[in-house]
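Listed next: structures, encoded as structure tokens.
Two complexes come next, and they have one chain in common, chain A, joined by chain B in the first and chain C in the second.
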Partner chain A sequence: MSERSDGRKFDELREIEARANLIKRANGSGYFRFGSTSAISAVYGPVEMHPRHLSDPRRAFIKFRYNMAPFSTKDRNRPGPSRRSIEISKVIKEALSAVIEREEFPRAGIEIYAEVLEADASTRCAALNASSIALAHAGIPMRDLVASCSVGKVNGQIVLDIAGEEDTEGEVDIPIGYVPSENKIHLLQMDGIMTKEEFKKALELGIKGCKIVYQKQVEALKEIFKTFESEEVNE
Partner chain B sequence: MITEIDKNYIREIIATGKRADGRKFDQYREIEIKKGYVKNAEGSALVKIGETEVLVGVKMEIGEPFPDTPDEGVLMVNAELTPIASPEFESGPPNENAIELARVVDRGVRESGAIDFKKLCIAPGEKVWMICVDIHVINDSGNLMDASSIATVAALLDTKIPKIEDEEIKRGEYSGKLELKNIPIACTIVKIGDRLLVDPDFEEESVTEGKITIVTIDDGSLCAIQKSGIGGFTPEEIYKAIDISIEQGKKIRDKYFR
Partner chain C sequence: MEEDKSESKLLTEDRKIVVPGEILAKGIDYLPGHGTYKMNSEIRSKVLGLVKIKNHLINVVPLSGGYMPQERDGVIGEVVDVQPYAWLVNINSPYLGYLPLAEGVEEFVDLAKSDLTEFFDVGDVIYAKIKKVTKRKDVLLTMKDKMCRKLHGGNIIKITPAKVPRLIGKGGSMVETIKQKTGCKIIIGQNGFVWISGENISAAAKAVLMVEKESHTTGLTERIEKMLDKELKGDNNE
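Moving on, here comes the complex of A and B:
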């Protein structure tokens, strides 16, 4: 089996770092990094919904923004929303909305913001992962976390978590958002040509990756309560 | 607006294996394609799927290539959810739904390899043809994604490349046709209860628990996927949706584009 440009195995994720509780004034916050792709997310809410006319008498309204820092990419990324970032914000918002118990907060708004700090492929996956952590940290009732990673086809081979040259030279890129407890896919996009059989293989590999991501998210959340416990004991 | 009682009716009837309008789960509403609908556009098509109506116009412009692809033409897709089409649409700049619609149609065409962008180069690094596709939604009665995608492909097949005289476009005179090497067909599948249906009308769209658009090409391969809206799919449901999209893509391609 041929090696990948950064020496990883075809089914190997980059190094992962997941953390919670980094933004003091947010109700919840999270950070997620795959190699040199990183994103930080904050949750504010439930808050009173603005603008008022968007408030839903049956459930909370979820606001989500995906944004790339201007210095996160090789060429400077012009600040402000782009068509790409609006589409990404929409699909991430929908994935998170599906797991949040929105009926618990009728008329309210829950604001989720994700900032990509460093971009080296799979930025929407990192943003989704960080935001899941932030929501759980904020204590928003959720059915589960959404775990996300990408799979791709590079030189005809199906690989997990594409990065670097693989992103520009690869044939196919598939970001996946997966909810392990329900075995459901809540985010799925694909561009590039693939047969049905290849896609099946890719999705299976992606789900395997998402399960690893999920473990890291859970560990990050457990970590904050560990600190809390030890402080209690010291007192 | 669809009332809760109507929504329940749609859910209940689908759970019994039927649809409110009598269609089968894998049956599209009647599709009608009229090419060359707009004279001033280099290519155009009006597509109806049932009562859903989308008009697509293609304008060919001369522009500068992107620096990383100096010898390739440019494809731009924009969608306008005009306020005439639905009480939910408002005038103003495109919202996230319009942007998603345009970007998924764009991805389907681009990734299918249908357009040979190198053939659209006029002077490398300086001048290339820009294919400007504008999707105008006239009537939203559900499944705008497939209607827009079919209309875009039909309009591109109708597109003629204008003559250039003294470095200016000579409108109304043509040097040739835009060639498509592939016919990408988008098929949108929704989940209602535990059933998968194609071509949802707007009433069915109001009760969907998941929506996925899969674009297939001539050889039955996939070239783009977009899961959209709130609600997830199990991997098995996705594989089933892929089989449906390959079958429906072939049917539509054979019936309307051969």
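Moving on, here comes the complex of A and C:
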């Protein structure tokens, strides 16, 4: 009774791997993996804004693209933007825009590209986490990192980090984007039906998960500089 | 307020690597400097960088990021367009540098007789000073300053602008070391473009890139010297 389809506890995240500095040609890059859901993200900018008419004289314009690789799903995913990916791009862009100090770069544009490499539920969370790492690595001033994970209801039980079958067979799926320093939620979506009490419980559990994710993001960013130090010792 | 005062606390240390959102200090005894912000009496970092504490002022020096034009900076740029009365210069930032005719050349230019490309053409590399940056980030350049000139020949390498101060070193010590060891002419733009000309360009470029990569470590000057000695000896043997 106390176990999930993959043997995790109800309040347990999947294995997390977070890395930064993978793409040399980008200003910043990040990678984030929850079990077998992984996303890579690259940040270019701030750069001159194109198309010109979209540039804002007061703040930077954020371009965000969420895309699923054709090979990321069990059946081949048709390449190119879809209704779903456009919507996800919009919500992630808004979550990140709220933490970036956009006023420091008037008229400029910041381009963020997130690619889902493996999809096994919670892909928007992985994309958001990878993009947060990439933005910080690109040296873009931001008030905090956005940490994200999902919660849901599967077989009447509130569970953390929806994965695999839980996504298709579960009753509710809620991705959460959380900013620890402000204690604010910058992304929250829900499909399914829950009672008010269940929702409160789910949100509490989700924030707990986001805090663990946040720690991993911070470690990934600090790791960039540690790698070098250990190399030096070896020499 | 009373409570804040008693709780003032430094939660970080000098030269520590911090990430955006990381809490640096609490209370009113500390002041937020560059790369930080204050919220609910807590000072937090805004960028990925190194903490620098000066008395009660906390700064975070970024370890990455693009170049933001600042007045009085000397920059190296490439002319990307020639307009009727001005040049547009790529200065490695989201904003193009604007060099008007009056700031570009000293003498009187009769536009009926001459063409601006006689002075600077597209593709030319110049060292210029930033005269003014407006609030909407219009960058006005000038050539009316010492050092400002067209750069002939040589190679340009691009480094992270945040690491330019480290490359220059205390009072120019780092770049002076590289110049002396390699015998190259080196000009560093605050915008992260480094112009190198001379015999041992590859050794000098290697040293510059090494400084960029290892900028956050201590004892770097000695390691650069060692590396250059090794590198130059190898060249002589061949």
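Points worth noting:
One rule holds for everything that comes next: the second predicted complex is superposed on the first by the 226 of 235 C-alpha atoms of A that agree within 3 Å, B and C clash if a C-alpha of one lies under 4 Å from a C-alpha of the other, contacts with A are read in each partner's own complex, and residues count from 1 in each chain.
In this text, a residue touches a chain if its C-beta (ideal position, glycine included) is under 8 Å from a C-beta of that chain, and two chains touch if they have at least 3 such contacts.
The shown structure was predicted, so the numbers you read here are calculated from the model rather than taken from an experiment.
Superposition of the two structures on chain A shows chain C fitting alongside chain B with no clash.
If you stand at the C-alpha centre of chain A, chain B and chain C are 120 degrees apart, rounded to the nearest 10. Residue contacts after overlaying the shared chain place A:182 against chain B and chain C alike. When the two structures are aligned on the shared chain, A:204 is found in touch with chain B, with no touch to chain C. Once chain A of one complex is fitted onto chain A of the other, the partner contacts of A:104 are limited to chain C, with no touch recorded for chain B. Once chain A of one complex is fitted onto chain A of the other, the partner contacts of A:28 are limited to chain C, with no touch recorded for chain B.
Contacts of A:196 after superposition: chain B is touched, whereas chain C is not reached. In the composite built from the two structures, the nearest CA pair linking chain B and chain C is 15 Å apart. On chain A, the surface touched by chain B in one complex and the surface touched by chain C in the other have residues 179, 182 in common. The touching residues of chain B, counted against chain A in their complex, run 96-97, 99-100, 102-103, 107, 110-113, 212, 217, 220-235, 238-239, 242-243, 246. Residues of chain A touching chain B in their complex: 83-84, 86-87, 89-91, 94, 97-98, 174, 179, 182-196, 199-200, 203-204, 207. Those residues of chain A that touch chain C in the complex are listed here as 27-28, 45-49, 57, 99, 101, 104-109, 136-145, 179-182, 217-218, 221-222, 225, 228-229, 232.
Of all residues in chain C, those touching chain A in their complex are 17, 19-23, 35, 37, 39, 44, 46-49, 62-66, 68, 94-96, 135-137, 160, 162, 213-214, 216-217.
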